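What follows is a single structure, written as structure tokens, with notes after it.
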Amino acid sequence: MIAALLLLIPFLGALTLLLLRPAQARAIALATTLASLAVVLYAWATFTGGAVTHLDLAWADAWGLRLKMGHDGVGLLLLILTGVVFPFIVAAGYGQPEDRPATFNALLLFTQSFLYGVFLAQNAVLFYIFYELTLIPVFLLLLYWGGEHRRSITMRFFIYTLLGGLALLFGIVYLLVLNGGNGDLAALAAMDLPAGTQVWLFWALFLAFAIKLPIFPFHGWQPETYHMAPLQGTMVLGAVMLKMGLYGVYRLVLPVVPVGTAYWQDTVIVLSLIGAVYGGIIAFRQADLKRLVAYSSLSHVGLLCAGLFAGNAYGISGSLYQAFAHAILVLCMFYIVGAVQERTGTTDLRAMGGLKSAAPRLAALYFLVVVNAVALPLTQSFVGEWLMFAGLWQVKGWYAFLGLTTIVLGAIYVFHAYQRVMLGPARDGLAAADASARDHLVLVPLIAITLLLGVWPGPVLDLVDTPVLQLLSGLTAP
Amino acid sequence: MSDLRPLTTRSRVVSDKRMTLMERIYLPAMVAGLLITIRHFFRRKPTVRYPEQERPRPAVYRGRHVLKRDEKGRERCTACGLCAVACPAEAISMVADERKPGEEHLYREEKYARIYEIDMLRCIYCGLCEEACPKEAIFLTDRLVKADRERMPFVFGKDELVEPMDPARRIDVSGRQTAAVRTFKQNPRYAHNR
Amino acid sequence: MTLATALFLLVLFVVTLTVAAYSTYAERKVAAFLQDRIGPDRAGPFGILQPLADGTKMFMKEDFIPAAANRRLFTLGPAIAMITALMTGVVIPWGGELTLFGETFRLQGTDPEIGILFVFAIVSIGVYGIMLGGWASNNKYALLGSVRAASQMVSYELGMGLSIVALVMLNGTLSLGGIVEHQAAHGWNIIYQPLGFIIFLVCAFAETNRSPFDMPECETELVGGYHTEFSSMKLGFFLFAEYTNMFISSAVISTLYFGGYHVPGLDRLGLDPNLTTLIGTAAMFAKTFFFIFFFMWVRWSTPRFRFDQLMNLGWKGLIPLGIANVLITGTVYHLAELWKG
Amino acid sequence: MAALFYILAAISVISALTVVGARNPVNSVIALVVCFLSIAGHYVLLNAQFLAMVHVIVYTGAIMVLFLFVIMLLNLNKPGGPRKSLAMRLAAAVAGGLLFLTLAAAVRQGVAITPAAGFDPGVGLVRHVGQVLFTEFLLPFEVSSVLFLSAIVGVVMLAKKDKDEAPDPHITGPERARRTA
């Protein structure tokens, strides 16, 4: 029931928007996302701890495809994430395109629907279908509402993702063949593949997620795409789509090819950490606020992936916790990019300065976000990153050390950007309005979540606890 | 501006060049400075402990004044007032009086200074009074004005200025009479002064 | 606390005050000598009674408290300055062991495990005297002086701490007695820690507000700085505290870097242990007096820094140097350990 | 020792109350300094000398000096300070009350305040603290140091001026021209 509601509410909302093209497209979209948020929260309220199956229908069993939907704690966490994030994305005031708002919002809703699908799917093929489906609305968003060079950049994004997708498809099909056509994720996890197979199959499965995240050598599409995409598109990409990669690793890579994971663990962690540090350094050199945030996201994601591959309770739960924290952070960051762009008419850091005197409230909100971005205590990022460092520490001391560098780098670029935008002498002719009611409506709840989860991470960690321990017992057993 | 030359050889052009690393460390310069001062530490001190020791003063030193008497012990001053006029600090004041009969052994001329005062706090010891004096009555000497806590004692009257009668205690000012002065005074026009 | 300790502390108290008092005389003499003068020489032979005359004068002066001042804090300021200045001497080892009447004493008030930290802690409290006194005067010069003093002392404590870290790494103890003994066994620290010594020395100048870092009482800019409004013995306490601090920091420098009461080769002479101890104490005082002289020597040789130069030197010069010193010391120490196997 | 403890405890409590009660912020700060010192005394009584000294150096010597600094520079010494709004006072009262409730509940639920069994008097000494800090608690230690580092970096970045602005007024002449070019 819940699964069907989650899939259908945004889907039907999107269809309504597409067909009727009402004037109040955004309000309707917002109402739809809020409705789905209510469903998600209901699911959370009734969640008791174990894995839940909402739907189990035969579909095309011969192809290993079965309409099996449900979630465990981690799935629920990502469902909550999707539910929480989308109302804010729709409500985000800046960057709402003038032309065809109905289509635009419909695409956002489609994305949400498919994302719910990804996080609900309990069948590998179903997972794959939803995973690829999410691409389509985002692809359209980028192509029609993107900025400069949108065609070539979107094309690059598409090619990268497609390659990863093909590898993933191959991996899943291979697994299906081995498993006698049973695509059930639990069944796949129970398979005991020979070590040699696992070692190469790991990359077939992981490549798509590595690109989606993206980690170091596969990140070529990311900064440009983030920069060019419309604000909402960037938010979707950064806040949720990226977590899809993380979820994929958690769902499809770690339990299915544990030996392969162990074999490649160090490689992936090192690549991730290289990306994390490299992203941080590049971010500091950026003269463009939006690009800076894009690279900072690259840096954070590197850490997330490294934490996930630490392969212990601290690392994995920290990574998943941080996945949620990062989504909130990315939303705030991009929202502020939009807010700043709206006021100064540019995202070029060199052309900014002194916004604080004109917009002190915005500056204060921005500062709270900044504090979260550098993972200061009492923010949720602190909890997540700390857990990840503890996890990495157990693997190798200097992994944690490299990870810690990203915090310092983060402080450098984030505060640098803040100084550039808000402090210093005001630029000539800057007559900006202070934070509007909408800014408050979007940023204040997000910051409240940040602070609340920073002080009281229990609820989210509880969700993650059981499944992670279960996963770990599977990892260590063979 | 370029043809303005420095007035002394000690002037330095201020340079704003970047200091080299050695200079920026400061320590070498500091050590150099310390060495300079420590050399002075062991140097002989030129201090003169004044009341006990006195620095020899040259004969032409311009210290406190004296009102001379002539060889017969008569005051040379006729209270003409030229010294007071010449005094740039207006430190000299006097009251003239007529010589009574029977005072010829005291005053050389018919007119003399009944009161003659110099405010030693105003005096700048320039010696113009001495130059102005047509009677060679006032001279600056190598004696010093004694310190005091009050102001009034610094106004010297005749009791302090006029030299003693006793020929043995006369104050010798010949040191102030350089060769040039002496020749000048040989001029017959000034014979009345002798 | 035994009677012996109490007696020792009393003697220490008197000695500290005497040294501080005579430092004022020494300062004037040194200044004079460096400037080719002879300095005070009227009170007693060579002016030896000058400090007494100064003290008498200080006591005779009117004890004036400005109307707008905060009376309580105004009085508290000099008191804190004086108390903290006198406290530190307790942990400094002035000599080795002395055997008298069949009992053995150490010429040290107490030797806590954290001796050097104790010195630091007390010094850091010393700022309050200056800050409160300056602020309570309700005078802008005094306030500026105390603000300068506070920022200066807080800043230079970092550099000082870093130089000490390297030293402690080598000596393996925070106890001052332990540090001296380590130096007696392995050679003076100045040989191993020249850079650390320079950093410590510069910081000591700043911590004691001595020229070239005497910005807090910089006469040309701030009249008298934090003690502008003080008169009589309250002023005397401030000045006294400065000289006491100078004495104590000289003693600390000698202890930390110049072997304290250790005299190389003295043990081998086979002298009476008591005599050895006394020579050691004399050596300690000689070293201390040398550094007091050095403080004065520098004061009368160098011009005052500008305040931004002071801050630049502290934060951008000494602190990075201190960190580098810690790193170098650690690396070399580790390599030496490896070498020894 | 017990007498010393009671004296120190009395000083702590009285000075802490003065911190809250004093109308002049400077008096508050001084009372807080006294409170810190007496707490350092408690540490010494527990034979945790290292902690005591670090406490004095860091809190009394550095942090409170900065507090005092700010109060003095901003001239915040008006007794009573600005009138707080009703909402502010209400919020403060609620927050304080909640804290009090929590503490009271904790005490009621039997936080046993008894001397720990087998108390090792050497636990607070430098050698032991150092050993534990660099073995058992290495990660938290390093993480907190990195946090401090990032805080420092953050402050530096915030306070740093743009390079292209306002050349140093002390530099004039050709050097200035060379630098601005």
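Which chain is which? They are A, B, C and D, in the order written, and residues in each are numbered from 1.
Here is the rule we go by: contacts are C-beta pairs under 8 Å (C-beta built on N, C-alpha and C of every residue); 3 or more make two chains touch, one makes a residue touch a chain.
Note that the structure is predicted; figures quoted are calculated from it, not measured.
Colleague: Of the chains present, which has its C-alpha mean closest to the combined C-alpha mean?
Modeller: Answer by centroid distance: D.
Colleague: Counting C-beta pairs in contact, which comes out ahead: A-D or C-D?
Modeller: If we tally the C-beta pairs in contact for C-D and A-D, the bigger total goes to C-D.
Colleague: Averaging over Cα atoms per chain, report the distance between subunit C and subunit D in Å.
Modeller: Here the centre of subunit D sits 27 Å away from the centre of subunit C.
Colleague: Can you compute the centre-to-centre distance for subunit A and subunit B, using the mean CA position of each chain? Integer Å is fine.
Modeller: 97
Colleague: List the centre-to-centre spacing of subunit A and subunit D in whole Å, with centres computed as mean CA coordinates.
Modeller: Taking the mean C-alpha position of each chain, the two centres sit 38 Å apart.
Colleague: What's the distance between the Cα centroids of subunit B and subunit D, rounded to whole Å?
Modeller: About 70 Å separates the centre of subunit B from that of subunit D.
Colleague: Counting only residues that touch at least 2 other chains, which ones in subunit A make the list?
Modeller: none
Colleague: Give the residues of subunit D that touch two or more other chains, as numbers and ranges in rising order.
Modeller: none
Colleague: Where does subunit C touch two or more other chains at once, residue-wise?
Modeller: none
Colleague: Could you list, by residue number, the parts of subunit B that touch subunit C in their complex?
Modeller: Listed in rising order, the residues are 27, 30, 33-34, 36-38, 40-41, 43, 45-47, 49.
Colleague: Mind pulling up the subunit D residues that touch subunit A in the complex?
Modeller: Within the complex, subunit D contacts subunit A at residues 139, 142-143, 146-147, 149-151, 153-155, 157-162, 165.
Colleague: Can you list the subunit D residues touching subunit C in their complex?
Modeller: For subunit D paired with subunit C, touching residues are 26, 30, 33, 37, 40, 49-50, 52-54, 56-57, 60-62, 65-66, 68-69, 72-73, 125-126.
Colleague: So in the complex, the part of subunit C that touches subunit D is made up of which residues?
Modeller: Residues in contact with subunit D: 70, 73, 112-114, 117-118, 120-121, 123-125, 127-128, 131-132, 135, 143, 146-147, 150-151, 153-154, 157, 174.
Colleague: Please give the residue numbers of subunit A that touch subunit D in the complex, ascending.
Modeller: Touching subunit D from subunit A are residues 353, 374-377, 386, 389-390, 393, 400-401, 404, 407-408, 410-412, 414-416, 418-420, 423-425.
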